[in-house]
Amino acid sequence: MEHATQPPGPAITIEGLSVAFRMPTGTLTALDGLSGSVAPGELVAVIGPNGCGKSTLLRAIAGLLAPRAGRIGLGPEASPPQAGDGRTGLVFQQPRLLGWRSALDNVALPLELRGTPRAERHQAAERALAQVGLADDSAGALRPRELSGGMQQRVALARSLVTDPPVLLLDEPFSALDALTRDAFDVQLEALWLARRRTVVLVTHSVGEAIGLADRIWVMTPRPGRVAADIRVPLGRPRPSGLTGDPGMAAVEAEVRQALAAVHAPELEGWAEPGREAAA
Amino acid sequence: MTILRRLAFIALSAFAFLAAWKVIVLIGGYPEYILPAPDVVALRAVEAIRNGTLQPHLVATLEESVIGFAVGALVAVAAGILLAKSLTAERVLSPYLVAAQAIPILALAPLIDIWFGGGLTARVVICALIVFFPIAIATMVGIRSTDPLLVEMARAYGARPGQITRLLELPSALPVLFGGLRVGVTLAVIGAVVAEWAGASIGLGVLINIADQGLFDTPLMFVALASLAVLGLTFYGLVLVAERLLIPR
Amino acid sequence: MSTRALPVAIALMLTVAACTPTASMSPTASPELSPSPTPAGELRQVRLLLGFRPDVQFAPFYLAQQDGYYADAGLEVTIEHAGGGELIRLVADGQAEFGVADATDVMIARTSGIPVTYVSSLFQSFPVALIGLPGSVPTDPAELAGMTIGTPGRFGSSWHALLALLDAGGLTEDDVTIREYPQFNQVEGFLAGDVELITGFRNNEPIRLAAEGPDYATNLLTIDEVAPLPGPGVVVGDELLAGDRSLVEAFASATAAAQAAVVLEPAAGLAAAAMAVPTLWEDMDTARSVLLATIDLWEGDGALPMGAIDPDLWESGFAIMRGLGFIDGSVAPDEMYWPAIRLD
């Protein structure tokens, strides 16, 4: 198991982060005073229903958004993130590949944007594709529309790895895929991460996925978001997919669900009370 | 369809068209000076080429339309990018562009010809003006329709505005842009003729006038018209080829 | 997919080609040729095509139509306008009974086999001349070398006259610079200073230019002494001429009578023109001057009655046109005209 040489100190520091958007109807505060930190090589899952601001949090860490208040720091020197500085790689829910380019050229894009010469960036792209199991030449030459949804997402993942970033940010990366592929990819993702330990922040709305992958789970409050609960997942690795039956897992799951219910009661409440119909 | 079958199909429908034309002339009993039959026009074309009448006019119109298209298209793409990116630019400029487009250039062409002192420059300007609008609009629409999800992805990996235009917006706009180029390139031929009608001494538009009003040679006029059609078709075909090459499928 | 569109494109373009510019492709059956006089009280409907646009110079036709000259001849005349090439074709094909065209155009058309015949002269003096500022206009055609000349285009009597003038001075079009104004707006080029001389009708352009101001008084170089050509006149299609000669004669006489009336009383001609030419009212003074100058040209030197055709003038004009290469001489001059106004 190879560890990326991790410097001492947290990989990600977030202090009192507030992010707001100006909308035609007024100001929308997505995050308000969110704080937390992620240790180097840790995998943190951020969970909560839609609208709680978890995607916004990810984009803030990626350097795509400027905070209204508070700060984010990357690395031991805790410097603010800059989009494209190569310290983070972002994977979206959709592959977001350029349809007119080959898979290889898509993967090489981040290096191209930084001015890396062609030969060098193609080599890096080949290595990144190998990491996601697409080392075969023919896949690299194909256009996105010639690839299945799962393969496209693997290409997107390779793209996020091509600059060898210390921090990987995943925004529900597999939620657009079918459940079976998703489970398989979760296993592969864990293996990938175990082979070379980057710091990972994974946004998800699946409790199972969070428990299957994360060292810690942050449960978010509704908007404006902050971390309501920071739950450790003390289970061993690698975690077989499913994990059902493991009593440790049931305990963590119960804890997570309870935390979710506590903050998201109105949205996650049941639709019908069992027994009422019968009584009436 | 294979290439061979496609060519056969084209040849067959062209032949059918010419046959129908001949039949119309026969049935209607049209004299040659009103509606010449296709074989008469063909013979006249051979004669015109043999004694060198057609070539200088053909080359002149070719020159005007190619340069006019190039100039008009370049300016139009630049304008389209500007209009796509700047809401202010669009708000300020669109009314003038649309109004200018609505004014028939045929009416303005003589004035433009005088302003630019006649000559090739004036004709290129007139041709470029005719070509401008559809290409500019196509560029604007194409760039505006860039997938914002892709733009966000590119920004996440550090793309600067110039890179976004070059690597993202322009390639993704190519299909729509080429739609505008197809229209523009056929308008370039019309533009060259309109420009010639404003005051040129050589060109297919001039040949039409000479044949029609000077020589009363209707077959020759049809030769000029057919030459314009061939020119337009050739340009259109070239744009299709360019489209195949530049837009990876 | 896209190449399937190609034959459609070919078809469309050639269809458009087939529809330009000779108007009304519908094959009208030859006009009913009734050699006998129309029944009493019933007027024969005929179509007269005058040039590009309404003009005070067409006053005789307007007067004849409005004051009953045509009606007295048993004709109900509808006046329309058409450009030179279209006009000759429509008259030849019988889609219009009468038209006004340049004699030199008739020479070219007949040589090309278009069945149109010149039947009466409108002008006894050739109207086209070279016009310019005093001091710019040479008296000797040879001095035209190196000058810039504006003209509508390489067609029509202006072009023929210009080349005839140059030829008389031993020059060709390569010895001068020609600027073309296909919209017939060579006056604008002249005012803009782009050309030194323009071709025009000497009863028209010089007067309009003079109206622009005293700076635009002009001199003329005329062709009458240098290269005599016959001027514009009435044309008819061969089929009508063969089938109903008396109709042609009736029209020509009525027109000549109206022309004489305008000469006697220009105000009447002016009034008739004002009804037909929408913009006349804007400058009645200029219109009157143009009409008076036009009357001079109609009368010429007075040797022939109005409307009469001068065979000698046609012979000399024919020789000039042949010498310039506009016609090959395969059709003789006397096959090109038929005098509807007798000289006896």
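We call the chains A, B and C, going by the order they appear; numbering starts again at 1 in every chain.
Convention: a residue touches a chain if its C-beta (ideal position, glycine included) is under 8 Å from a C-beta of that chain, and two chains touch if they have at least 3 such contacts.
From a predicted model like this one, the values you see are computed outputs, not experimental measurements.
Comparing per-chain C-alpha centres with the mean over every protein C-alpha atom, the closest match is chain B.
For chain B, the chain with the farthest CA centroid is A.
Measuring from the averaged C-alpha position of chain A to that of chain B gives a distance of 51 Å.
Work out the mean CA point of chain A and of chain C, and you get 85 Å between them.
One inter-chain figure worth recording: chain B and chain C are separated by 36 Å, centre to centre, where each centre is the mean of the chain's CA atoms.
The set of chain C residues that touch two or more partner chains is empty. Remark: chain B residues 6, 9-10, 13-14, 17, 21, 28-35, 110, 114, 117-118, 197-201, 206, 209-210, 212-218, 222, 225-226, 228-229, 232-233, 236-237, 240 touch chain C in the complex. Those residues of chain B that touch chain A in the complex are listed here as 149-150, 152-160, 163, 167-168, 171-172, 174, 247-248.
Chain C makes touch with chain B in their complex at residues 2-4, 6-11, 13-14, 17-18, 20-22, 25, 27, 83-86, 88-89, 92-93, 105, 108-109, 112-115, 153-156, 159, 178-183, 185, 188-189, 192, 194. For chain A in complex with chain B, the residues that touch the partner chain are 59, 62-64, 82-86, 90, 92, 94, 96, 98-100, 109-110, 112-114, 143, 159.
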